[in-house]
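Okay, here's the structure, questions in a sec.
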Amino acid sequence: MIMLWAVFLPVLAGVLVLALKDMEGNRRVLTAAFTAVLTAEAALVILAVMRGGSVTLWRLTDTITLGFRIDRMGGLFAVLTSVIWLLAGIHSTAYMKHEHDERRFYGFYLIVVGVLSGLDFSADLITMYVFYEMMTLTSLPLVLHELTKEAVFAGLKYLFYSVAGAFLALFGIFFLANICGDLQFAAGGILTPEMAAGKEGILLFAVFAMIVGFGTKAGMFPLHGWLPAAHPVAPAPASAVLSGVITKAGVIAVIRVVYYVVGPAVIRGTWVQTVWMVLTLLTVFMGSVLAYREKVMKKRFAYSTVSQVSYVLFGLSLLQPAAFVGAISHVIFHSVIKDALFLFAGAVIVGTGWTRVEQLRGLGRIMPLTLAFYTLAALALIGIPPASGFVSKWYLAAGALASGTGVFSVAGPVVLLISALLTAGYLLPITIQGYFPGQDFDGREIEERNLAGKEPEPAMLIPIGILALASLLLGCFPGPILRLAQAIAETVF
Amino acid sequence: MSFVQNFPFFSIIIAMFSGIVSSVISGKKARNLSLAAIAVTTCMSAAVLAFTWRTGESYTYMMGHFPAPWGNEIRAGVLEGLVALMFGVVMFISVMGGLDHTEKDVEPGKLNLFYIMIDLMLSSLLALVYTNDLFTAYVFVEINTIAGCGLIMIRQWGRSLSAAIRYMVMSSLGSGLFLIGLSLLYDVTGQLLMIPAKEAVAQIAASDTYVIPMLVILAVISVGLAIKSGLYPFHYWIPDTYAYATPTASAILSGLVSKGYIFLLIKILYRVMSPEHLMEGYTLDVLYWFGIAGMMMGSIHAIQEKDTGRMIAYSSVAQIGYIYMGIGLGTLGGTTAAIFHIFSHGATKALLFISAVGLYEASGGERDYLSLRGAGYRNPLAAIGFTVGAMSMVGFPMLSGFISKLLFATSAFENTGKLLPTLIALAVSTTLNAVYFLRLVISLYRPERKKVGGVRRDSWNLRLAVVCFILLNLVLGLFSQPIVRAIGQGLEMFD
Amino acid sequence: MYDLLMAVSVLLPILSGFLLLILNGPIKRGKHEREMEIGVEALVLVNSFLAAVLIAGTGGHSGNLVLFRLYGELTVMFRLDRMGSVFAGLVSFLWPLATLYAFEYMKHESRKPMFFAFYTMTYGVTMGVALAGNLVTMYLFYEMLTFVTLPLVLYPMTKEAARASRQYLYYSIGGAAFAFIGLVCVLSFSAIGTTEFTAGGMLNPDLAGQRKNLLLLVYVLAFFGFGVKAAIFPFHDWLPKASVAPTPVTALLHAVAVVKSGAFAVLRFTYFIYGTSFLRGTWAQWVVMGAALVTITFGSTMAAKEIHLKRRLAYSTVSNLSYILFGATVMTPWGLTAALIHMVAHAFMKICAFFCAGAVMHQTEKTYIHELNGLGRKMPVTFACFTVSGLSLMGIPLFAGFISKWNLAEAALSCGADAAAAGNPGAFMPYLGVGVILYSALMTGIYMMTVSVRAFFPSLVPGGAEEAAGKETGGKEPEATDPNWMMLVPLVTFVIVIIGIGLHSEPLMRILTLIGGEAG
Amino acid sequence: MFTHLMLNIEETVSMILFGIGFTTLLLHPNLIKKIIGMNIMDTAVYLFLAAKGYIAGRMVPIMSDGIQDASAYINPVPSGLVLTGIVVSVSTTALMLSLTIRLYERYGSLNLDRILILVKEEGKT
């Protein structure tokens, strides 16, 4: 029952917010209710995950039932989602002061978290697909929010890519449903060789279609094009959750397909695995390079997401326990870090209106503390020990070396390393130029606008702080997370 | 010998004599006489039909008690009775429907001339239907030609005259070929009556001599009659002829005249020629393919045509193609279908011509189909008549056209080699028919571009004729079974 | 008793339509429009009630009612079986609602009696298609349908309308002409001597076996012939053009009654005349399946390109109709079931979408998609309905469209697996078909969602041309609002049905599976 | 071959004449010549028939000198046909001539092609 509340409470609350036009004028009540619901949601999710269990929602047809079942994997993602959502939500109460249509934003923001919980709790592939589509549609207004021409185009791009990906995946679902009958998740997969007898070729194609299809949400090449367009145009808190959490919905979908339905054994050593690895490595590399060359701050972060989420996918594609642990932990770490980065960007935009990287010179004079948090997160993302990114990358690299995938077991770590260098290259200059603007920096603008020392308000700063510190602490004490990931890995392999 | 058996002869004579009498009486009286003659002969044909239907066999009627080969015979069976009945009915309605227009179009003093032509036409058609003698057939073919020409040229405008002369030229060519064919046949067989001629031909075929002369005869006769009935590519006299005559004449010419020749051809093919000659000589194949070409080309010409009358006339070319296609199938079913189509097309085409006249009237005499816009509101009945005709032409079920299409198609299954071409030709031709007929129908119901002046309500008899033709169409479409059975029975009696 | 009811439910609307045509003059003069509307609505309701009684009473097994004999074995005969019940039920459910909508939509038009006369007649004719007990009857009503709907297409009387109606006629008649070939051929090879629909086919196996290729060729011809009404490529062009007609016509006739009759005829012809066992695995199956797939691809791509709202929806119909045809060409029991569920689902989705477009045209006279910016705020209910129908068309779960796509895809995959197991060279086609369906779903997303996004989230470009224009005239124009109840009731009903089928399709599916089971 | 033709000289000539007449009727633009062509064509057929009916050394089939025996006379049927044919041909010729006169009065030309052009022009105005 609690898990139902965890899914439907935010959805209902969101609909209510959208429906109640009177709340437009009453910010205080609105934000209070908003925060309260988010907090309740986080609590509910944690409670539900602790309780576990399963529930059947609805019989869609005589063969398709919709249902929830909480396992460790879903629970992990759900908790992560709801906590990050809460933090970004708090940030947004401050950020959205400066935006129009606040109520609409809150409404959809709430709905999406409910939908995401549903996605994480899904007991079978079809339920997950239902929530996956819902997520696309309900998160669309967040992308569109600014309603500039650019935002609308980006929104449509987001929609079309997502839908295209979903339908690609749907092909696989159709096929799997046809040969398996029932698509309940089970660790290690439900597909037996007899089911696919005679149809191996199409089975592999279907699995590949699903990986690419769900990989769309995770920004995997070749369907990554929407991500750099859509994330930056959204309001910063929305960008944060889009980048930090919603991309992970693609990841969990891929995990569910590969490790819970098809089973890693089926694709190990096939062309699917090879192509998948190639695609992820390509994405990792390409994302970093593009991020390095990008001048707009949010876009740079978005490209960074492209690259980083593909670390996770690469880890998954190795089909190896250690890499799997690395991937799972990187999911968590990247969510935390990327949220911190985007929230930082939001704080900067609200505080200064600056959006391009070269404008950020001297930022240390304005918001030194915020910039410090940023630096912390950046270091974690690059993977400097003992920050969190290091742990996950270590496991990824170790897994790759142990995976026995021939050239990829070496190429993988190399690409990761190059990417890490590039990450340093595109993140650290902000810190450096922020604190050390150099001799030629006149700083007149800061003077004129009286910006010096103006840290963002607490509602913004605190979430950034929490996330940044978390990115450090999780790296220092990764034990619980790693244990959990290992436990999951043991079940799926 | 039953009294009824005299009726075929009587009906020919009545029609002819009313023509002769008409030459000395006034136009009005001639008109009444003509109508009466048509009515009486129609009733007689019905009686003949009933009689032969009951007895179940045909009979020959010797004129003046001269036996073959000198005598002159009439033969009547179910089929002859039926065809004569249909011709009579269509003719009566056409004449009745066009009464007013005839009086308008024809010079006052010459009205009786027109009705003389009608009477002659009737008598020659009946004679073509009933005769059992080839040379008599030739004579009546010529009478028919002359009467037809007279009907065309009675309307004194340039187009009618030029149409008439073209008609005459083509008809003369056809008659000439037909005549030389007869002469050759006579030369080879020494017979002019159909039944002995058939025996002689069968003997010749059995002895395997005179192969080439027989083929020539068959070809010459077929081509001669094909020219006269306007089979593609001998069709080019048709559009002007049909389109520019007075309504009655148009309806009769398009509905009946060419059908008389076709019926004669069918008779010659089945009652004189031996099956061996038909099959070996590819004559039927030639007719078949020309028929199909006619179906296509007639429709294509019709699509290019803007003048409504000419459009309908070109459609006749296509429909005659249907009939020849049916004959060319060379099966009993094909011939049945062809004969049924003679009826169906007679009823439909006459309906189209008559109702088209109503539409011209409502559009200030304009004949261009674009000028007929809105005529459907100004003259609803004529437009409904035209629509029904058009629907019949495209084979709408419950109307006569559907049944003939159906018969053609089912009969194609009897001839495997021609099955697919027939089916596809039917489908394509239907589509083409739809293009030009329904284009016009749509045009009828669109609002007019400018106010049409000089709208004249048409007379009651035109309307009555339209209604009658619609009913005739429905009857042929809904109660075709007995008619088709009668045709089949009649064809069996041929042998 | 029920047998007679069949004739009544077909003839009542047709005769009333004629009556209305005859009364045209008095109504125009006497201005008894209200009375006419009430009369028409009452009549349609009564007829729908009769249809409901008929379907419920017979449970999908009525006797044969021979009306008259056209020629020989060709009788005009009604018989209601389960599949007919589905179509009849669909039509009789939609008609009263659409009529209600039409009254409001046509409020300001002239020549109303004529419009409603033909509108009502079409009801009867469509029922005739549904109730037809043999191929001849079906052919008869199929042809009739062309002629009674023609005046409705022609209704605006513009040049465009005339052109559209001409094209509609040519295509339909041409299609019927080719279908006629099928009719004749079936008559010659029938095992029972008539063309009566028989679940599982009625060809004489011995005779048919001898002329297999001929029969297959004829099947392909007839498929395209009947398929013309279902807008199969390359005979689809009439459908987008015909969207010049008033929206109630486009919505009900060109998204449901007429085009579904075409699809229905194809289903009948495939499953009840030829029988799938004769066709399965032959070249004919792959040819027609290929045609359906090309149409799906083409239709949805063109829809995405089109900028006129109604034409876009019409192209969408083109593609969706071929989903049904694709289901038909799968030629398994499941294929038939899937085709039927898509027939039902698409009927509701598309009529809903068209009615929304019509509501927009009615309230604002806007017809192009780029004009719709921001209208979602002013007409929220309308656009919400539109969005639901769009999502359903895309095949998002929880909406009706998902159920039908699911079944189509599963049926196709099973078919492909069977064909592959049999070593058939065409086995890749069903798999390709699933891919094509998904491609089309994506295109559906593109062409439906852009409209919704535009309507609800107009881009607020400062100084954008349209925005500026809107502001200039904004003061003078009456503010656009949702239409009144006569339009909203149908819309909301459709949305409820779409979601209802999406959530709880089991009862419906059970019936359809039964149909598939007996006919496949 | 040639001897065959020479032996059947009447048939040969009649066929040649028929061809001439047919061609003239079909192709010659002048109406009068068309009519002449038609007459030649008909005459050719009569010649053919007469030749067929003729039996060398016999009498015209008109009872004369009281000879009752049929074998004394030639076949009467072709003669009858020829007579009938001539009647028909005369009437057709008369009709065509009258038509020609009408057309000449109206268009001042005997050339059918020209007349047709004139008719078309007349139709336009």
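We just call them A, B, C and D in the order they show up, numbering each chain from 1.
Here is the rule we use: a contact is a pair of C-beta atoms (placed from the backbone, for glycine too) under 8 Å apart; a residue touches a chain by one contact, two chains touch by 3 or more.
From a predicted model like this one, the values you see are computed outputs, not experimental measurements.
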Contact network partition after subunit B is left out of the picture: A, C | D
{"item": "Distance-to-centre winner among chains (Cα means, whole assembly as reference)", "value": "C"}
{"item": "Separation of subunit B from subunit C, taking each centre as the mean of its C-alpha atoms, in whole Å", "value": "44"}
{"item": "Centroid spacing, where centroids are CA-atom means, of subunit A and subunit B in whole angstrom", "value": "84"}
{"item": "CA centroid of subunit A to CA centroid of subunit D, Å", "value": "103"}
{"item": "Pairs of chains found to touch, sorted by chain label", "value": "A-C, B-C, B-D"}
{"item": "Complex interface listing, subunit D residues touching subunit B", "value": "18, 21-22, 25-26, 31, 34, 38, 41-42, 44-45, 48-49, 52, 76-78, 81, 84-85, 88, 91-92, 95-96, 99-100, 102-103, 106-107, 112, 115-116, 118-119, 122-123"}
{"item": "Subunit B residues within the subunit D interface of the complex", "value": "69-70, 135, 138-139, 142-143, 145-146, 149-150, 153, 158-159, 161-162, 164-166, 168-169, 172-173, 175-177, 179-180, 183, 186-187, 192"}
{"item": "Subunit B partner contacts - residues on subunit C that touch it in the complex", "value": "68-72, 74, 136, 139-140, 143-144, 147, 150-151, 154, 157, 162, 165-166, 169-170, 173-174, 176-178, 180-181, 184-185, 187-188, 214, 217-218, 221, 225"}
{"item": "Touching residues (chain side subunit A, partner subunit C) in the complex", "value": "58-62, 64, 126, 129-130, 133, 137, 140-141, 144, 147-149, 151-152, 155-156, 159-160, 163-164, 167-168, 170-171, 174-175, 177-178, 198-199, 202"}
{"item": "Subunit A-touching residues of subunit C, taken from the complex the two chains share", "value": "391, 394-398, 403, 406, 409-410, 413-414, 417, 420-421, 431, 434-435, 438-439, 441-442, 445-446, 449-450, 453, 457-461, 464, 502-503, 505-506, 509-510"}
